[in-house]
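In what follows, structures are represented as structure tokens.
Okay, so chain A shows up in both of these, paired with chain B first and chain C after.
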Partner chain A sequence: MPISEEIIVRSELRWAAISVGVVSVIMIALIYAGLVHHINPPSNIERIDPKTLHLGGEFTEANLGTRVSGDGQVTSRIVATQFTFQPRCVVLPANRRVTLRFATPDVIHGILVSGTNVNTMIVPGYVSQVHTVFTRTGDLLMPCHEYCGLGHSEMSATVRVVPPDEFKPDAEGRVACDAR
Partner chain B sequence: MLVTHARQLTFAHLWLAFLAFAVALVLGVWQMWARSPLPAPFVTASTYFSAVTAHGTAMAYVMPVFMIMGFGYYVAETALDRPLPAPRWAWSAFALGLAGALMATVTIFSGRAAVLFTFYPPLTASVFFYLGLVMVVAASWIWCVLMMVAMAQWKRANPGRPVPLAMFATVANAVMWLWTTIGVAAELLFQVIPAALGLKAQLDVGLSRTLFSWTLHAIVYFWLIPSYIAFYTMVPQAAGGRLYSDTMGRLTFILFLIYSLPVGLHHLLMDPQQSNAFKFLQVALTALVSVPTLLTVFTIGASLEIAGRLRGGRGLLGWIGALPWDRPLVLATGLAFLMLGFGGFGGLVNMSYGMNAMVHNTSWVTAHFHLIFGGTVVIMYFAIAYAIWPAVTGRAAPSLAAQRLQLWLWFAGMLVMTLPWHYLGLLGQWRRVATFNYADPIIAGWGPWVVVSLIGGVILLGSGLLFVLNLLQFNVSREPHAAAPGELYASAVHPPARVPAALNGFRLWNALVLVLMILAYGYPIAQFFVGDSPQALVHRVDERR
Partner chain C sequence: MNDPDRLEQPWRLWASVAILSVFAFSVLFGFVLMPVMQGRAAGIDAFEAICRALGITPGSPAARQPTTNAKAQPATRVAWSADLLNSLTKATAAGESLAGSCAGCHGRDGRAVEVKLYPDLAGQSAAAIYKQLHDFKTGSRPSALMTPMVQALTEEQMVAVSAHFAAFPVRPIPAAQLPAAGAAIEGLVARGDSGRGMPACNACHGDQSGGPTEAPRLSRQSREYLAAQLRAFKTGERRNDIYSRMRSVAAPLTESEIDGLALFYASTRTY
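The block that comes next holds the complex of A and B.
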């Protein structure tokens, strides 16, 4: 063979250095994108007992849906359960920072909101929290995207994004789909 | 050397793998049909999810496990040139795995295990489904031990000599698989099976997801390594060249062993039970796992260049045209690299901390692993089978043209199926759904793309059946096979006379894996044992209503 061992070793080392370089550049780009665009996966690690979810606290029926707190923060609380969401429709304002909070009393579910970056798993035992700003108005699909049993394909909800001036909380700060 | 035992073992294991594969292909096409706007027969939630469970279990567990075991027995005898140790154990493992696969299959088709191949608790199937899986994994553990024993015996008989690369890589995969299966085995034995037996009414879902993630990434490399063994040891020979660097091959397989394990949390990026710190650490390690693949592309490219130039290829790229593309192994490698190129780009998106939110649990993910696993990996499984079948059956291949046609069809079908499937994921189509409501205005636009995917699936089914037919053709072939089985393997440009102990065994690397796993998974698992970690009630899917 005409190629000497030394040349082979040198070319391999050069390539290894290039590989590590490329991978490092990609890593840095990912870190940068994550920091600049504030893209943070739902990692809040908030425990909640799935068996007593509905009995008291944040996820009782009266607390579900969209609510604007005294300081103007918009939060939607949604329970995912085999095979529906409670409520099945939530209203949220466009161009404003909103928080979605999910919990489940039964099995693993997950959601995405079509056409947006909103995406999280919903794991029994934990509250999943996502912050986002919706830029497009209209009815968006929010399907369950993790297999949760035979009714999984039909499990879906609607996120109704309305222009800020049509987003009118009632005296208690609530906004509901059918109230509009 | 290929004595009767390894010959029959390889024959039996590969046939079992490919039968499971053929059945699963039919289910795959039907699933795609059910998800399309065209009316499909037999579709109910129960039949669809039972089918996806069977398809996923066959393709992710049964087919690769038996393929890898069968190929491993072949390598152990032909690369080491000595008889397999303890063939009786190998046959017992085969029987155990076969019984397990049958048990799981019967349970799935009786409608008592619609939990998909990932079986996320607290959904709980009939215990026979899980026991079947455990038996398949236990069979593979026996194989792992046999591979390690075979290598140890060879080293004792050949002190100081480097273990042949094909066997070194096979044992690397066996060692990695033992580490890989610890996660899912712990989940099954301590959580899922007690729940399925009714001994446990509730379990910790955060813990079970974390344990499963331990297995979920490294299993991908378990599937992949046979293809890489073919790239390093068989392809340069088939192309008429030499392996550019034996040392790089060893390093690549060692890097796979090390970096495919402490990265599983990247499957939980969208999960609420793990913190950003550990997600981030494991994403960083995930980026490193692309290094061995980049090294492989270079080394195999250089090896093929040597072959092309020996065959008279000139100029910067002239050697590519001079390669013997009519040989199935060379053709499959070219097609596999093309699919790896497409798929590698998709993998970058999945891995990215931010973009993952766009594609998590959409069809993008399903399309991605069909392209890499079903495409790059499986096309090399075909090529490996074609390459070793003459030695296994003792007959020469009846028609290389039929083999080439089959490989081209697989490549074409894979692109036609997965490219629109990726696109659907970007549009927001989510995965694991039996039927879509095409009356919805957002969903209506997806229809044509799903139909194109379905056409790709039909092409793949045709290719898969042609593959089975091509193997059967060996049985009617009259022409005996002459070449010795060991001639399949390439020697290096500079075959090493000696290698450092670190590159000739795994002791050091096992210690390193242990340290990395404690760092990467120690706290993420330990957190479930601190304070009262919430428990979820078991939800059975196997009760008759």
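The block that comes next holds the complex of A and C.
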């Protein structure tokens, strides 16, 4: 028995409404994240050679971690590599503008800091930079959220946010997790 | 019935209106509303925010970053380039003649004359051999026997001898079977341990693992050598792995796991 045209049209409309609904929910979630959680696109492009990252300059092992420069600017430099972060834990002060800078020598990674607006891709050849202010203290989880290989699921680090009076840089301006 | 001035399907009109309004909303929202509202939080005025969203003005310029005054001490001085990786795939006559001086310990065919003392090189990845030679030479991996051996080697000679040994077949499994390593160890190899944040060994070690270029093949290397290297990574005595890739895995291993893993790899051909 042939199905009447009316039934076909009604079924089409129903499914069209469902797809429009799904797309709308996703768009609303994106807009909400952008406005309420301050998730922004990157605002600048900065290149770096992934092959020689470890050989000198900003992302050598000795220069990684949190550092306060002379003008009081707090910067944390972190390398994402298969399948770990270097360092695996960084200390940052609460209620103060901080800058996170990431680079990778191997493949595409990504990070987010749970419960905050820090969320960026880390692409070989580029420096990913995020400015933020942490308002909650405690150990925040920073997992890799971009599949980077078989060990991806174990790739995570800790961002230790401490009250400003417990944030004590040493003579060189450095603050490390195990030094506390 | 077919009036040429009338649209055949009236909904076409509404569909077009709907699509155009979605488009107009996206433009308005993406290029005006969103940038202005987000820019306010970052202290950027409305006009500047719209220009940035349209790509007319660039974003915050990259500020020069202060680097450490301490001298950079890289874990290794090896930098992988496409040319280098290419040259490592070609075995040459130069490699063969250089390999003569290694035969006393690593064997003519890359199978160590005494496995308790020297590692096998046969079937090892050329990139892994080259990386270690380079590190012995620059002092990134100090070794009483190897450091003097490689001092005289040039870059090209290190490439040649690496390609030479990599081309030999791996030593066959000995007739006398080693005891099985057990399920816990096989779990570490295949799945790692998420409780301790340890990736599986075969995420990096293995021909098709997709892990770091320089990760060596482990199977059929001697138990003694594997265990010694794992202990050296764990204690930090060996620290030539780029960005602690291997040290961070070895640090949480227990002594019995190290022995178990060494046994596992010494008695398998799979990885």
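As a working rule, the second predicted complex is superposed on the first by the 139 of 180 C-alpha atoms of A that agree within 3 Å, B and C clash if a C-alpha of one lies under 4 Å from a C-alpha of the other, contacts with A are read in each partner's own complex, and residues count from 1 in each chain.
The criterion applied here is as follows: contacts are C-beta pairs under 8 Å (C-beta built on N, C-alpha and C of every residue); 3 or more make two chains touch, one makes a residue touch a chain.
Quick caveat: nothing in here was measured; it's all calculated off a predicted structure.
Contact with chain C, but none with chain B, is seen for A:101 once the two complexes are overlaid on the shared chain. Shared-chain residue A:48: touches chain B; no touch with chain C.
Residue contacts after overlaying the shared chain place A:11 against chain B, while chain C stays out of touching range. Once chain A of one complex is fitted onto chain A of the other, the partner contacts of A:128 are limited to chain B, with no touch recorded for chain C. The larger set of touched chain A residues comes from B, when the choice is between chain B and chain C. Look at A:63: by the touch rule set out above, it reaches chain C but stays clear of chain B.
When both complexes are overlaid on chain A, the residue A:112 reaches chain B alone and has no touch with chain C. By the touch criterion stated above, A:3 is placed in contact with chain B alone, chain C being left untouched. In the superposition on chain A, A:151 makes contact with both chain B and chain C.
Comparing which residues of chain A touch chain B with which touch chain C, the overlap comprises 31, 34, 40, 42-46, 51, 82, 106, 127, 129, 149-151, 153. Those residues of chain B that touch chain A in the complex are listed here as 45-46, 48-49, 114-116, 120, 122-123, 202, 204-206, 209, 242, 244-245, 247-248, 268-276, 279, 283-284, 287-288, 290-291, 294-295, 298-299, 302, 306, 348, 351-358, 360-362, 428, 430-436, 440, 442-443, 493-494, 531, 533-537, 539, 541.
Those residues of chain C whose C-beta lies close enough to touch chain A in the complex are 29, 34, 37-38, 41-42, 52, 58-62, 65-68, 70, 72-77, 79-81, 192, 194, 197-200, 202-204, 209-212, 242-245, 248-249. Of all residues in chain A, those touching chain B in their complex are 1, 3, 5, 8-9, 11-12, 15-16, 19-20, 22-23, 26-27, 30-31, 33-34, 37, 39-51, 82, 106-108, 110, 112, 114-115, 117-129, 141, 143, 145-153. For chain A in complex with chain C, the touching residues are 31, 34-35, 38, 40, 42-46, 51-52, 54-58, 60-63, 67, 69, 75, 79, 81-84, 86, 88, 101, 105-106, 127, 129, 149-151, 153-156.
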